[in-house]
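Structure in structure tokens, see below.
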Amino acid sequence: MNGRGEQATEPTARSLERIRAQLHECAEGRGGEISTRQRAARLAEAYLRLDDSGRKAVLRMIALEFGPDPAQVQAAHSAYQAAVNTPAQWDAEAQLRAAMRSRRLRILTQFNAIPQGVKFLVDLRADLLRFVVDDPQLKPLDRELEARLSAWFDVGFLELQRITWASPAALLERLVQYEAVHEIRSWDDLKNRLDSDRRCYAFFHPRMPLEPLIFVQVALLEELADDVQRLLDIEAPLTDASKATTAIFYSISATQAGLRGVSFGNFLLKRVVDDLQRDFPRLKTFATLSPLPGLMRWAQRNPQELAQVFSASDWKRLAAAGVDGPESPQLAALLEGTSEGAGTCLSAPQLTPALREPLLRLAARYLMHASRDDKPVDAVARFHLGNGARIERLNWLADTSTRGLTQSWGIMVNYLYDPDRIESNLEAFAAGGRIDASTTVKRQAKR
Amino acid sequence: MNGRGEQATEPTARSLERIRAQLHECAEGRGGEISTRQRAARLAEAYLRLDDSGRKAVLRMIALEFGPDPAQVQAAHSAYQAAVNTPAQWDAEAQLRAAMRSRRLRILTQFNAIPQGVKFLVDLRADLLRFVVDDPQLKPLDRELEARLSAWFDVGFLELQRITWASPAALLERLVQYEAVHEIRSWDDLKNRLDSDRRCYAFFHPRMPLEPLIFVQVALLEELADDVQRLLDIEAPLTDASKATTAIFYSISATQAGLRGVSFGNFLLKRVVDDLQRDFPRLKTFATLSPLPGLMRWAQRNPQELAQVFSASDWKRLAAAGVDGPESPQLAALLEGTSEGAGTCLSAPQLTPALREPLLRLAARYLMHASRDDKPVDAVARFHLGNGARIERLNWLADTSTRGLTQSWGIMVNYLYDPDRIESNLEAFAAGGRIDASTTVKRQAKR
Amino acid sequence: MNGRGEQATEPTARSLERIRAQLHECAEGRGGEISTRQRAARLAEAYLRLDDSGRKAVLRMIALEFGPDPAQVQAAHSAYQAAVNTPAQWDAEAQLRAAMRSRRLRILTQFNAIPQGVKFLVDLRADLLRFVVDDPQLKPLDRELEARLSAWFDVGFLELQRITWASPAALLERLVQYEAVHEIRSWDDLKNRLDSDRRCYAFFHPRMPLEPLIFVQVALLEELADDVQRLLDIEAPLTDASKATTAIFYSISATQAGLRGVSFGNFLLKRVVDDLQRDFPRLKTFATLSPLPGLMRWAQRNPQELAQVFSASDWKRLAAAGVDGPESPQLAALLEGTSEGAGTCLSAPQLTPALREPLLRLAARYLMHASRDDKPVDAVARFHLGNGARIERLNWLADTSTRGLTQSWGIMVNYLYDPDRIESNLEAFAAGGRIDASTTVKRQAKR
Amino acid sequence: MNGRGEQATEPTARSLERIRAQLHECAEGRGGEISTRQRAARLAEAYLRLDDSGRKAVLRMIALEFGPDPAQVQAAHSAYQAAVNTPAQWDAEAQLRAAMRSRRLRILTQFNAIPQGVKFLVDLRADLLRFVVDDPQLKPLDRELEARLSAWFDVGFLELQRITWASPAALLERLVQYEAVHEIRSWDDLKNRLDSDRRCYAFFHPRMPLEPLIFVQVALLEELADDVQRLLDIEAPLTDASKATTAIFYSISATQAGLRGVSFGNFLLKRVVDDLQRDFPRLKTFATLSPLPGLMRWAQRNPQELAQVFSASDWKRLAAAGVDGPESPQLAALLEGTSEGAGTCLSAPQLTPALREPLLRLAARYLMHASRDDKPVDAVARFHLGNGARIERLNWLADTSTRGLTQSWGIMVNYLYDPDRIESNLEAFAAGGRIDASTTVKRQAKR
């Protein structure tokens, strides 16, 4: 694009009327399918030219004016209930279903025939998700679109591809844009992450060939990683991948906001483990090096938790480092959630070792006990435990970037994927929220 | 397969019970998605080993035991109707939709993760279509599966590919199996149909790469074809394709019985015309050479039509050829619908010219006037007119194969695709069943 | 091709003159390279239209009229010899080389720019090889072309590809044409040979993508094969390839007559063994099931060898079967070299077991002792022993086809490729013609 | 590589002896070809570890110790001359050729079987070209390798590929490294040069798939370009390529130093013109915007030329701009060949217009008349005129980069490729050095 691009425009009443007319033509499917789809293409262009207020207005039109007709639904439903347990039930069910089928979806799927139509709809859903927060009337449209995208992005249609430095530049550019966990700073940084001691995998949809849907970055090592900066260091020596025993998934990023609710991430790790085992038979350990994105926020909201993790001997060591007690300004700074606060505190040479054990205990408690609806509040923990991982180890000062310090005092966690335990972990977690963890982590989490 | 293959087995009560248990596991999605899909794979294998009685029993289980719960639908519907025109309507609609969502589809879509899962479901639908004829209770399952397949086989996902002699043998083997119009007799016959004066195109789904969904065979000529035998003749000289002015679509075959109701055929011809125009700028005429599969059957059911097309002068010429009148055995033989009947009659040197005009008139009337629900009864006519073609010309003795003689006395028709008229034809036909035809054909169709 | 093709034409004196003029234009490279190559294309077409007499005339023109100039060679050689051991030697060598560089090759390489130019030159060399037998003046041209083709078909440029039923039909068609060992009778036969318990590999040149240069057919078995009919049987049950311990190379065919003298066959087996070991880690044994194409002919020329292999006890058993002695008509028939002779004899129920041991001894002697220039006279033995194989086992009635019976009384041989012995075998064979063989075969070969 | 890489090492006497032994093994081809090539691989690694002194020593070994044997050549040559005009001539020629065949090439071609072997040899030739300048004894080795590379890089084996932003990053990285004319400053700059109003094409060898051999960058415009800065401006608006009438080749870079003397560049432009004409039928003009790399240097060596191009009226205008006459410091600065000199002078507001005409005349004279061996001294002119172009227009201040100012006062030239004149231009230039030029340029070049 080179920075140039059309300006989004505010809609006029007239332009919205024109769009409403086009929506009706689409919904009725007048003329051949070909001309209908041509209209869809014009409509898509009109949509893309609009600013947010215009887009919201169009989505509201679709949501509110093309839904099912309550009277028809009523009639079909009565017929259905009357037919239950009679031979007519099956026809009646089909007819009720037909009455529920809205013209909203008919409009939307017509976009699929334009070039890049799938991507258009995924992006439209992303708009929808932004608007639906304040506008519940958009919800049925969102649900219908989500259901259709779920059908289209069924994991059976996705392709796992390895991404390398020989991949298309247009695709690699996306990695740079989408990397959500550890920012890719340059093409050199990217090239380093695709070097011979790294692997990068992504899922693709056949109609979005240069758009990774979710991707994972893997480092091949000879031991469990405890420091993400070392992994990202461009100057670090290459490992001999053929000797690696451990694969560390150090970054997993979903890319398409519009696919929220469409699940395929858990298949990714399973498939990647299979692929790595085939290429590197010496690999024994598959684990992540993951952030605890909600730890600091949780500690701020639950100051008593922070207070409890300090034992008497901790206080002694802290006192030796010049910290007076629970009310000391240093400890307060710890909870400030600014990188200065956390950083100053952690860089004090005597303070750091004294804080290590209490804060790791806090992190363990957070992962094991801070829950909502029987599942951990931490989104990353929820993802990995839901995929059958166990909490293996907490790592002190493992991410000293601003983000790492402000969200978790630099603490990171290794989730371990043990092929022999994945399925049982996953069922136990799904059924009752039981969390698998190493003995050390369990001990740290005890009061 | 080399002829060897497992024997289909009759189900035992015990094996059906085991399958029922597996279906419940699938429907509940217990355990991780991975193990659920593994169960689906075992289930698919069990299904494929069953004979028809067993398959039907399994499909009935899915249809009858995993449908929506009428009581839940009832409750959700009441809430929905109560919420109409209130802010709660939109949530209520989503919930009614959720109540309608059956576990049938949940079971079926899990098959999509097995290798060749899409093909498995398409073939399962083909089973379903055979069974539903006698078993209307399968209808809601059929409709749900059709809707899902329609989503998956949306034309936006299909790929147009040219098929050549350099295409995979496994793919070409399918053409031989699926060619529905003019049987491919050998690999030499096939190679001839892929020669430099021919084109063959097909639509493919990204997950069924060696399975053409629908394919069309095209001959590049210097004039409108009137004889399909000449087109199929292996010994005929090659045309210089670069001089061709006319593209004849002489065979269109849909291959997947399980995709009935999922429309993509009309996009095929449009896309093929585009592709041909780019490769051969001298092409001006795009037409078919098509059978009239229902002509004979229609004439048998409507003997008065046959009677009416003979004018007084026709009778004179027939009398000269030794045919006594409407009741003569020769004319009766014409309607017998056997190749001997038709063939004997048409091969009589004096009779043939005398029959030509009356039978062409009969064919014209059949195409123009024999209709059901405002559309022609002839399936091929319905397809092409529905795509915007016009009836250009009727050809006498254009297909003298057994099939050609017995279904239409060897008469074939050219449907013409005039890029400038396609859209208007298509709309007029869709709206009121108006048929575009050449002056000659219109005249022939007049009483 | 469909049977139609232009007739080859006899050249006229005038057409040959025109070609001579074109050759001169090519040799001088007048005009741009582009127009020179266009002339080459016209020349190639003219050549292809000629019959053998015409082609030979053209090749003679190139060979005799565009060679190096003896006087220039003389001068450059004198300068070179004068410069030996002086600083001028190196320039002088380059200039002598330049004087030797003939315009023949300049003409030929211009063909490489036409589409399919490489194939054209390979086929032209095949013509040349046919003509050179009777016309030694063509020899320098042949040698120059062979040297150039050796450079172009360097094994570093070749690609090993697995051939499957999903390979292009145009490629598979070549297998049918080129299979030299066991004729492929139909597309079904071919499909059987590409089934899941088979492998087929070929070398390709990047500029002849649908032309396999040499291909090998492999059967995956659980034991050493001793019967080629069983391998070729379309009705035989499929083996489970994942359980195979033995890979049998049962057919190796070079396809391009024009590449005689350009060696790449020995790389093929090495590469295929590597590929198979990776895909099927349980494979332990790599062996051929090979014909003895020259056995019968050798026995006919050396009747005393046949006489010697019968021991006294053999004669006793033969007498019991009604064979009077060395001069009996049955034994004479054995040497007739007709399938009737061999067949009748071998099908006699009592005779067959009595002939088994003596004829296997004869075959062993033939392989181990019948040699020319220190190498076996048998071309197949020369190929495999030269690649490092050992003679593992002789198999009685292993090929009962007409060809098998008439060339070796149906006897076939397993050459074993033992990865641990290949290199040492190969060096010993290359250095002194030492043949590696199993104890049994060695014993059979003893007098 | 990320900056890390092994240090090149100086050779020890012992390591050179080991290499000498390996060279002899390679040359003799002892053992199987496979083991010979394995030795070649070890040799290649040893070579790559050496510093320049070591590499030169190895290349000298190959050049001096593995050449033809003068005595054998002597004998073969005598036999050949004796056989001239006898039937034995043809065998004798082949034998002389065999005697000339050196073991040098045998050693080198063995490298071709290692992965990346072709690239290894191309790079080895680049070393050789550096060393041969001071060491003529390497010349025969260089010539033999050049001849072999010419065979391998025959234009018939090369593939023209379009390079886009969807090309592999590893390939695009090469463009950045190799761009010789207008430096690519960043990935954004590169992306801009691959945008929709640009085209980039390269030739590739099948065994060096990510290594462009020569590439050309094209801008699609609506008029003849006269300013290269505008072409390279990332911020410039996109042109609508479908309306373009003019294709400007604004950068052509050969990438492989080791392929000097192997010609394929002239095929590139011809093939690119064909490709562009097919994609953009409205294109009428194909031209370059090229530098005059030798203009300044030539003017410095021929000051009288500079003096002559100023007419009396030029002097008047210059005097008005404060320039005293031919000896003025401003004019002297012009010839300094520093960007300050040229730049200061050209940026003087009154001076610039006064210099324009005289300097364009100088450039015209340089292109049309400054010649060596009947061909222009300017390498770029030699390339394009040798390909059939004509000198269409000289452009003032068309390249104001440092390089542009210091080599030609910013003057650039449009060479025009007129499809109708290419062949005749090319022949006339090849035969007698005749240069095609527009009337304007011819007038400018007149004294």
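Order of writing sets the labels: A, B, C and D. Residues in every chain begin at 1.
Assume a residue touches a chain if its C-beta (ideal position, glycine included) is under 8 Å from a C-beta of that chain, and two chains touch if they have at least 3 such contacts.
This one's a predicted model, so the numbers in the text were calculated from it and none came from an experiment.
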item	value
Same-residue or different-residue interface between subunit A and subunit B, half as cut-off	same
Distance from subunit C to subunit A - Cα centre to Cα centre, in angstrom	60
Where subunit C and subunit D are represented by their mean Cα positions, the distance between them in whole Å	43
Between subunit D and subunit A, distance of the C-alpha-averaged centres to the nearest whole Å	50
Multi-chain contact sites of subunit B, meaning residues that touch two or more partners	none
Chain contact topology (line, ring, star, complete or other)	ring
Listing of all chain pairs that touch each other, if any do	A-B, A-D, B-C, C-D
Subunit D contact footprint on subunit A (complex, rising order)	2-4, 165-173, 187-188, 191-192, 195, 210, 234-235, 237-238
List of subunit B residues in touch with subunit A within their complex	30-35, 63, 67-68, 70, 73-74, 77, 80-81, 84, 87, 90-91, 93-94, 96-97, 100, 109, 112-114, 117-118, 136-140, 143-144, 148, 151-152, 154-157, 206-207, 263, 266-267, 270, 387-388, 422-423, 426-427, 430
